[in-house]
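Listed below are the structures to be examined.
In the two complexes that follow, chain A is the common piece, with chain B as its partner first and chain C second.
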Partner chain A sequence: MPVETKPVALSDEGEKSTHLAAPHARVGLSGPVIAVLALFSLVVPLLPGEYPTIVGVEILILSLFAGSFNLIYGYMGQMSFGQGAFFGLGAYATALLCRWCQAGSTDIGYPQFFLALLLAIPVSALGALVVGFFLVRLTGIYFSILSLAFGELLFYIVFSWYGFTGGDDGIQGIYPPALLRDPHYYYYFTLAIVAAATFLIWRITRSPFGFTLRMLRDNQRRTAFVGVNIRRAMLLNFVLAGTFAGIAGALWGPFQRSVSPSLLGWMQSGTPVFMTLMGGADFFAGPLVGSLIYTSLNAYVTRFTVFWPLTIGTIILIIVLFFPGGILSIIDGRLARNRGSRGA
Partner chain B sequence: MRKEILQVTGLDKSFGGLHATRNLDFELFEGDLNAIIGPNGAGKSTFFNLLTGYHRPDSGTILFDGVDITNRPPHEITRIGISRAFQVSNIFTKMTVFENVRSAVQAQMGMAFNLFGNAAKVGNDRTEHLLSLCGLSDKSTHIAGALSQGDKKKLELTLALAGKPKLLLLDEPTAGMSLEETRETMGLVDRLNEKYNLTILFTEHNLSVVFNHARNITLLHHGEIIIQGTPDQVRSNETAQNIYFGEHH
Partner chain C sequence: MPSDVSSFLIQLFSGLSRAMMLFLVASGLSLIFGVMNILNFAHASLWLLGGYITFTLYQVFSSVFGQNGFLLIPAILLGTAFMFALGWLIERVLIRRMYARELPEQLLLTFAMILIIGDLIKLVWGVQNRRIFLPIEPIEAFGGFINPYLFIVIGCGFGIAAALWFFLHRTRYGKIVRAAVHSREMVSALGIRITAIYAGVYAMGVAIAAFSAGVFLPIMPIGLGLDMDLIIQCFAVVVIGGFGSILGTFVASLIVGIVYSFSVLIWPGGALAVIFLILVTVLIFRPWGLFGTEMRY
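Let's look at the complex of A and B:
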């Protein structure tokens, strides 16, 4: 079935832009901006007070979460409302092993801690494999609804399985090892892992498989008719995305010192959707920029007002109505115009 | 003696009460350039859908190049060597023309699941070759969705060729094309057949295209073969005239 895509402008102005690289090929940020952001990410812990560092850790973790979601949405063209399930599975896998290693105390050795983080990878991958097995048989709205249903199903299992997961109490008192309890160190630790994972995602999006995903997004029937097993390709991508979400989730628990079932819930699943739409799904950096804005706003707006949902709702409304390509599309459009006028 | 490349026996397919193909026997030899014609609803598209695994036959067998491909899925049949260009172009709209073809070339190379290679560095030569063969070289940086209808059909054909087919199926290759584009496209079809000895089977409503390019014509009606033969044989056949040409002349 041909997948409907947004029409490409056919006006004279549009004609000009067709000579540029396809939108998804662009990172969305120019070299200097990337350099400044990278430099800034290194000095965040030097800012006064702990708060910016704490927000920084959340930005990093959630940007990986949103980046994992965009493998499914921006690259493969399917909307998942259940990505939180794998974030949560990763968080619970790490939290449960941490708690077991701590054995009632607040101490955990480095090897045990790293092992607990690593455990999130097979657990979230396996979860995504099982869910994906059913999901990849569908596309469009059916894919979205089923992803939501599976997300809620996993949420409910974690929510009601008191004996193992602690039910709606969640798990409290998960501590990283000594040095990493300092948010500054935890920040650099998170930065290293998120940077490595983001680099991996970037490599995947530039690989032949990355283009298989774009083929699936643009035209599933043609993808099958160039010889690609489309279900298998969708499943592989779903497992990859679930695994990256799981890694993000694994970092979340020890930093917050607790996990709760809401990490698997639909609110959590909505977060990467918001972030990606804000930043721009057509750009590799879209989810990252979205997380930067969404999380900072969340952190600072909630200090002034309890109407956070109203605030973020309004922002999303404005972006979707007036800048449907996300914030990076505005910047990108401006860059393209400059290039165009210089070329003319 | 030429090699038989496609052998269809007793192919049957119904949709509800509609018998789309009825006990169809059909064969193609290597190097053939043949056409299937028939009024709307004659079963041409169903026949293509059955050959490429898009539909599953109720009964009958399809042998391709000595391999039983009955009930195989489309992606496997493509890998075995049957490529297909659709009537309504199925292209990758948000990618550039070059990326369209390069992705198809990489799929043909078995790299669709390669996670850590650099897509920009693989298959570029073949992509450029295919683009120049199909007259799309100067459009390679254009976004495919913004191409003209004629160029979209050209790209559709290029994507089908990227699969290195032994048999190429063309569904109404010139539908919606201008006279000039039709001439260009059918010229390419002839060249592919003569120069590369590619076996081609096409359906077409434009009868002058059919009679000028096909060496052998099969007329389908209500899912059954009415007559099969050279253009002259088909043209002079009385049943054929009643069923089909009457509507056009």
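Let's look at the complex of A and C:
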């Protein structure tokens, strides 16, 4: 995008000291974190029992979901409370095509299955395009409110459209092809897709477009003055984020063997928000770390108590009050202090 | 379908009562945002909590003094007072720490409160819906039957609206609150302790919401999940009316409540969609709301 490369050059010279300098500095921490996570993710299926692998698949899918959210939050500076809508749209697109291909049986061929997964991309992108068209006209508090409102609207549509989506019963009995029914294989399959998608997101954040987004976060008016079409850039990013959320959703349905309208609900939309906050929104690896912590907590806490919202709500409260930058920023702060005391 | 004048009128009254509840909850939301710049996501959750507390108080009173519908009045008053105190406490302990923070963190804090309050309600009151049955016979009016309690609800709504107006325009404290909506810096520069105003406004907003939940108990059962439905409609109301404007909130409540009530009649599934259509139209053409000022946006 030739229009958008120029302002980046300008801003890079201009404001080294503010936010724009931060991503450069912080890639230092995201790099090793991702390397460790990548190594760790390869050996998870070797752990005894199926449970860690199942939780592992959820962590992977939700980390992509949270990563997509952070394109909007961490990079563009807007808080979306409706990201679950696109996760759900992707899940429903895949689930509906799967059910149609299965035609009552539990068998599905590989081409049909992959086609069903691919269908999630245009469906969620289209959904994000329609919602984004309205959303990008707003910022701040209004953006958050309208994103929540649109999310709930889509939820109600899916919830009440019995003929097509099955209403509040959802859709049961979505099966991946034979080999992928084994959680271990599905794990590596998911890992490959999530890794590829995460790499794409990383490329986006390092591209001129990614720096345009950071500019939008730091100063919208100035971004407009240097010649960026603000709404077009925001819309493009919103569609990209929605699409990645849709891909995550597509992987979710066949793994859980079912989809339900709650995948589009406000609680689902809150999940990536919490994850990103826990990990640290200023770091590329933040949502990944957040997903690891949130999903593991969820998997093990819900064994002991049904009051998961109370647990996670309290954790969020503590994080917001006392550790506002997330876990990675605490580590980063420690590292910087150590470096400072040794170096200077 | 509305075939004649009587069903039209009945629908209008049910829309009016709905509008009153929206106004009572949304006015607090709007005031809190206007004065403190905090969007209180948990406002409807506090409304719901207020409803449950009033319900329990009513049950306690009934078991002590015997079954009597008028016991609802002390139950509502006590419940409102309790929620006022709780609102004060929440502002002092939690919200106060967020004024200097960025918007996303403020949103997250109140979002976390939704989760906590929702689960606490589940913990204490369980998952079944609660309502109060009052022995009121429907009366015949306009050629149909209508619950006279609806008129009480509508009267309460208008009463609170008038009281709120009086408070904001005719009392010293209210004038300070309105000045704070305009410019917090100026108010504190004039030597008024703005932090003391904050807790009062937050507690008042929560108390009005709790009051409305109590008043509505006899005609509308409360249950888990209602808070999310309500908060989204309240957002629609305050955005349509304009943040910080009580008049705007009142007009927008009437619009949303009555439109909703008639849409349900014509197209049950799409009532919410119609509200959203209004919301989106307002946001695009007049993002600061019908009665808000461009400056604040």
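The rule is simple: the second predicted complex is superposed on the first by the 311 of 344 C-alpha atoms of A that agree within 3 Å, B and C clash if a C-alpha of one lies under 4 Å from a C-alpha of the other, contacts with A are read in each partner's own complex, and residues count from 1 in each chain.
Basically, a contact is a pair of C-beta atoms (placed from the backbone, for glycine too) under 8 Å apart; a residue touches a chain by one contact, two chains touch by 3 or more.
From a predicted model like this one, the values you see are computed outputs, not experimental measurements.
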Partner chain(s) touched by A:R222 [first = chain B, second = chain C, both, neither]: first
First, second, both or neither for A:Q112, with chain B first and chain C second: neither
Contacts of A:P324 with chain B and chain C, given as first, second, both or neither: second
Which of chain B and chain C A:I230 touches, first, second, both or neither: first
First (chain B), second (chain C), both or neither touched by A:R214: first
Chain B versus chain C as contact partner of A:R206, first or second or both or neither: first
First, second, both or neither for A:S144, with chain B first and chain C second: second
Which of chain B and chain C A:S262 touches, first, second, both or neither: neither
In the complex, chain C residues that touch chain A: 33, 39, 94, 97-98, 101, 103-105, 107-109, 111-116, 118-120, 122-123, 228, 232, 235-236, 239, 269, 272-273, 276, 279-280, 283-284, 287, 297
Residues of chain B that touch chain A when the two form their complex: 52, 73-76, 78-79, 83-84, 86, 88, 90-96, 99, 102-104, 106-108, 111-120, 122, 141-143, 145-146, 159-160, 162-163
Residue ranges of chain A in contact with chain C within the complex: 73, 79, 81, 134, 137-138, 140-142, 144-146, 148-150, 152-153, 156-157, 160, 266, 270, 273, 277, 307, 309-310, 312-314, 316-317, 320-321, 324
Chain A residues touching chain B - in the complex, by the definition given at the top: 2, 5, 7-10, 14-15, 18-25, 203-204, 206-212, 214-215, 217-219, 221-230, 232-233, 236
